[in-house]
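So, here's a batch of structures to check.
Note that chain A is present in both complexes that follow, paired respectively with chain B and with chain C.
For the complex of A and B:
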């Protein structure tokens, strides 16, 4: 079971990203490959894209698409993950306009990926893609990442809204992910 | 009157408690950090930045000593060892609320002068003490970037200047420098202060 974390500046520039593979047992998720919903006359090119999209599952599955190539959807497709994260930003901004809380639970759902978001008072967005439900753990994780982010901002050598390259920050976020996710 | 180590600690504690104007530690650390970063941008040479920090510290130290002597009412130190004790337990405590540990060292034997002095007194030129700081309020939240590590930046070098300036005003010419810093990846943060010579009373130089 994996998690993808993205830290985004107020201008939606990615400042930090992390992929964490949790050792906790994955809950059974019902995957419904989009390809199976396709009518039989769909072209192979379109089907190929859909196969790639449904390839964004962690479970190893074989997809048979009519007229398309058989593709085993194993592992994550990096680009798809980022696309999902980007797409969720619109939803995040909508929710932010309505509510006034920092932790927005799950704002978006794609296949089996849920997107949870956390918006800091400084308008930094933390976006987490995950599969299973884990509200409490994710909330605690977001709060810890927020604290670590604040400490990084206090470093006089760090310029605001630039990518965070500090190895100390990276190590601490990973440790926090291990603890909560 | 030789005070014991405990008495020095008590004096330092009293002065710190007696101060009515204290400053928020984060504001202090952020201000100093901004200062160092600005110096780096202006001079672009880490050795030069170290020198400037030391110079700034020297100017602070020459003025700070008056405040220190007025509040602490400590008399003249009998030897350089006592200077180290007072600096660590009373000086650092009353201004920064930290108590570095002190380690004394006698003068190193020099090859040139093989005079038959018996045991070197704690007052001899060349004596030194090393202050080990287990916490550094100037460097909270600081992480040095690669270039600063390679360039040899001593982030808290202002402290060395303060020590040099303050001790010069009480007739001791010393050399103070960092020998280790946790920001640079070392185990501890250490400043070594070495006595160069005692100064005779003379007309202050440089202000003409």
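For the complex of A and C:
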């Protein structure tokens, strides 16, 4: 089960991104409702975005429809992930105007990826793509990332548009991801 | 620096104005609470080879007793800032604009840090999305975080619907500045105006913020921070009101 985190500046430039593979057992992901009715070879295109895009052969597709964890051999298609994250920004902007919470729960859903967002008072957006539900863990994770971000921001040389390249920040975020996700 | 006689007010210990401290965390041990402080470092093992240096991520964000700065130290720094700017500009407007920019950089950090200190403990941290509550929070919380007490008055202009004013009877940062008569229009509180502008920008209410001297007989240092909101904010507020 993997998670993708993006920190976006107020002008929507990505300042930091992280991919985290969780070692926690995946909760049973619900099979898409189509899967039961349609033949396996057609629904697998919807059930697994990544396998469909990486052009998996029909032999392997049969495994994935069962709803177990999707094991992708080799790298995932990063462009799709980024596209999903970008597409969710529209929804985030809409919710931000109406809701005065910082932690916006899940704002968007795309096949098996859910997008959760957290907006800081300084209008920085933290976007997390994940597969399974984990509201409490994600909330604590965002909280810790927020704290790390505030500390980063206190650096007088850091503006709202500087990419965050500190290895300490990276290590802390990874540790926090391992703890909560 | 920590001697009792100095009058102090709590300037944010980690504000951008004190840039030298951040460049060398080891050298700042005289001012900030250091190695013995409880660090928020939870799990990350120190995989650095040599003695692990204290990074900014190890210092706690909450205010500690040792984090206050004496007013005279800040006055010294501020006077340097004004002199530095004065050498490089030609005109009062430009000077005010530069001080505004310096204040903007502080304000960005004030906003995040203040929100963190106020909301981190809460179950569901909140942000302000309507203008009037945001303005009230600036009036009390920002002023309290930066100067130690809420601002003195807050007013809405009757002539223009998009102007608001925050009034401070004796701004601490200009207390020790005497302005020559030919520059009487200058208000070094443009620095404070910059802080307010950054806070409003961060919250999503772009505005033009300026500072003006409005002395009265009893209060010769009285300063007004004038906030002129952009049209988009007014329209949005109208739409949200219904």
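The working rule: the second predicted complex is superposed on the first by the 132 of 181 C-alpha atoms of A that agree within 3 Å, B and C clash if a C-alpha of one lies under 4 Å from a C-alpha of the other, contacts with A are read in each partner's own complex, and residues count from 1 in each chain.
Keep in mind that, in the parts below, a residue touches a chain if its C-beta (ideal position, glycine included) is under 8 Å from a C-beta of that chain, and two chains touch if they have at least 3 such contacts.
If you're wondering where the values come from, they're calculated on a predicted model, not measured in any experiment.
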{"item": "First (chain B), second (chain C), both or neither touched by A:113", "value": "neither"}
{"item": "Partner chain in contact with A:168 - chain B first, chain C second, else both or neither", "value": "both"}
{"item": "Touching partner for A:154 - first (chain B), second (chain C), both, neither", "value": "both"}
{"item": "Residue contacts with chain A in the superposition, chain B compared against chain C", "value": "C"}
{"item": "Which of chain B and chain C A:123 touches, first, second, both or neither", "value": "second"}
{"item": "Touching partner for A:180 - first (chain B), second (chain C), both, neither", "value": "neither"}
{"item": "Set of chain A residues, in rising order, touched by both chain B and chain C", "value": "151, 154-156, 168"}
{"item": "Residues of chain B that touch chain A when the two form their complex", "value": "26, 29-30, 33-34, 36-37, 140-145, 148"}
{"item": "Interfacial residue positions of chain A with respect to chain C in the complex", "value": "10, 96-103, 119-123, 143, 146-156, 159-160, 168-169, 171-172, 174-176, 178-179"}
{"item": "Complex interface listing, chain A residues touching chain B", "value": "151, 154-158, 166, 168"}
{"item": "Partner chain A, residues of chain C touching it in the complex", "value": "14, 16, 19, 22, 40-44, 47, 55-57, 59, 61, 105, 108-109, 111-113, 115-116, 119-120, 124-129, 202-204, 236, 240"}
